[in-house]
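Two complexes are shown next, each including chain A; its partner changes from chain B in the first to chain C in the second.
Take a look at the complex of A and B:
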């Protein structure tokens, strides 16, 4: 079996004259946590949107679990076992926290006609969704309207929903940003248990301490291009990376 | 009950059926439709033509009417659901005007004279009129509301809610926007078509004027007043706006102005409808009756 679960080959997307992602290559191996780092505007979120099918690449290929997925619609890519969160959280605001997770639990139902007669109000569904909420520490808030939650809880809700979808790969876009100190260490622990459960994780993170501690390998982007790739130890020593970050230190601290 | 009251109630129940359909499209799936009267009209004309020129009984024609409604819903929904917000609103208004123009100018649909001589509905050999026809309409309203209730409890309905709330997130959870919006659109147009068929057999005459854009506005006004996305909302809205004009007949000329104004005010101040979660009536009036013991 190919060790890479996700492979991005020569991937590019141009918005008018802007090359938001420009000839990027990298692979995410099965079972690893790969960090995608880079200064603001480097093209990290756009890369996520390309992988998850929100945008179609201008050129290049994306392979997921032995299948070429670029060109597939978002919902079809999700159905292959790829879950994601959004940097700007997108809760289903008038639904409860539990219902938010139930929507994601429907992933296997939506393609089949049986979604017309299968109830989402069954006890098994509720139990399965509660188990996910329990994992991210939101079980107490299950009946709360999602729109009323503070950002930290919404980030965890996003992860619970992504977990229901992504039984192979999770894309986490700045899940740590806006969290309090103790929430950060809880989330680190959660991501480790996700990895132990056999799920591969690709995450975008600005917090250096967190990404260095959590990631097996790191890919650094700048101006749409890949700047460096390697283990945290190697990345920390990389001249170009240090320059890219030190040059913009004030900026990335502000974000 | 006086026959006058029965007439008003029958029309209210028919409108409630149609507004239930609009609720699936607007309330559940979050799509704007300002052309719902067109689908009401398509149901009415299909039933009228099948029963007069086609010589079919209501019961045999009904499945055909519903299929025609679903197919036109699919046909007209497919291009329009690729649009969003204002574009969708304008497109659905356009659909209303085009469908009405077709009824008016294509000779097959009877032109300006419309279609008359539509037979009464027969049940066990008896022609339904008056209160009996009202019961039949209530029966269908019950069926429609039961289907709506079931729809909110199955994954397809949940998918529609998710699309309404946050389309990008819903899509990342395996929900095809086109498929589920179309499903909601078809269900909504089928209910409109059912209401249209009942209307045709009740009035026993249809003409293009009966399905104009202002009627679409009043359907939407009923839905917004009663509460978008709620089960009882369409009935509440149809009851209030169906009865009001009868009480204020002299003001009938200003009805559409009133509806439009009410729509704006409701959406601005009471988006959940008059019985919705944050409505004044719930907050101020209900506590008077439900005062808790200290």
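Take a look at the complex of A and C:
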């Protein structure tokens, strides 16, 4: 079996004259946590949007579990077992926390006409959704309207939703940003248990300490290109990376 | 007293018809945030389709089914060919396109069927009732029963089925719904199918109720339903239904019964202005 679950080959997207992602290559191996790092505007979220089908690449290929997925619509990519969260949390705010997860749980059945009459409130479904909420620590808030949750809980809800879809790969877009200290360590622990459950994780993270501690490998991007790739220890020593983050010859740090 | 009761019953029927036509508008606004003005022309088209199928076959059941099918197709065509490609533009662009679509469909009806008023003399298979001296025609009863059935089915679909959950998710954010595996475009098309088929029923009921079908019969409903979804709360289906029933009652009672000297068709807009001034989110709207 190919050790890579996700392969990005020579991926580019141009918005007018802007090369937001420009010839990027990397692979995410099965079972690992890969961090995608880089200064603001490096093209990390755009890369996520390309992988999950929000944008169609100008050129290049994306392979997921032996299948070429670039050009597929996002719902079809999700149905292959790829779940994602969003940098700006967007719950279905008028639905309850439980219903938010149930929406994502419906994924295997949406194409079938039977969803015209099948109820989504079956006990089986509710139990499966509750199990997911339990896993992210939101079980006691299940009946709350999602729009009323604070940010930390919303990030967990997004992860629960993404888990309902992504039984193979999770894309987490800055799940740690805006969280308090204790929330960060709880979320770190959660992501480790997700990895132990056999789910591969690709995450974008700005917090250096978190990404160095959590990731097995790191890919650093700058100006739409891949700058470096390697284990956290290697990345920390990489001169180009240090330069990208700290600026050249004492220039002040912008990000 | 008897006159009052009859007026209330007529008002309820009027309100039911408003509700049926407004449903499609509220559904479409809910998932697409587009003011689907052309919905009223789908309703006109549905009345024409109904009257022609009825004249050709003599079967009301076929007229309803055929008209619902044709309107569903028309609705999906409008969505696929006009609205979906325009979604990336600011909301006034699809709105203007919608007005163009409405005029086009109206004129096509006029070209094909002629400008004259067609009669639609059919008897709906419901009994006439006389209760305590109050006469209830079979048409009135048909309007009540059919509207109630539509509302019940729609309520069940939206609140109890998996499809309804997917619709509610799509209406909040298409991109996010896509990431959860929902084919949002399919859901949007389905919304047009449902809304347009209901409009067909409305067109036929109105055609029979007034015994007339004509090219501009959608003109007054077009702007009244706009006022109604504002009063009900943009995108709130329940709010639109309540507003529609209230408007039907108010129109008949204030102007028909109490003879308040006020143009009847303006009432919806007085309500709309009132809502915009005092409660901009509408009866049941959020935000």
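Quick notes on this structure:
Everything below uses one rule, namely that the second predicted complex is superposed on the first by the 247 of 255 C-alpha atoms of A that agree within 3 Å, B and C clash if a C-alpha of one lies under 4 Å from a C-alpha of the other, contacts with A are read in each partner's own complex, and residues count from 1 in each chain.
Operating definition for what follows: contacts are C-beta pairs under 8 Å (C-beta built on N, C-alpha and C of every residue); 3 or more make two chains touch, one makes a residue touch a chain.
Since the structure is predicted, the reported quantities are computational estimates derived from the model, not experimental observations.
After superposition on chain A, the partners chain B and chain C are seen to clash. Look at A:219: by the touch rule set out above, it reaches neither chain B nor chain C.
Judged by the touch definition given at the top, the superposed model places A:84 against both chain B and chain C.
By the touch criterion defined above, A:75 reaches both chain B and chain C. Using the contact criterion defined above for the overlaid structures, shared-chain residue A:157 touches neither chain B nor chain C, since it reaches no partner. Residues common to the contacts of chain A with chain B and with chain C across the two structures: 52, 54, 73-75, 78-79, 83-84, 86, 90, 92-95, 99, 102-104, 106-111, 115-121, 161, 164-165. In the complex of the two chains, the chain A residues touching chain B come out as 52, 54, 73-75, 78-79, 83-84, 86, 90-95, 99, 102-104, 106-111, 115-121, 161, 164-165. Interface residues of chain C facing chain A in the complex, by the touch rule stated above, are 157, 160-163, 165-166, 168-169, 172-173, 175-184, 286.
For chain A in complex with chain C, the touching residues are 52-54, 73-76, 78-79, 83-84, 86, 90, 92-95, 99, 102-104, 106-111, 115-121, 161-162, 164-165. Every residue of chain B that touches chain A in the complex is listed here, in rising order: 153-156, 158-159, 161-162, 165-166, 168-177, 180.
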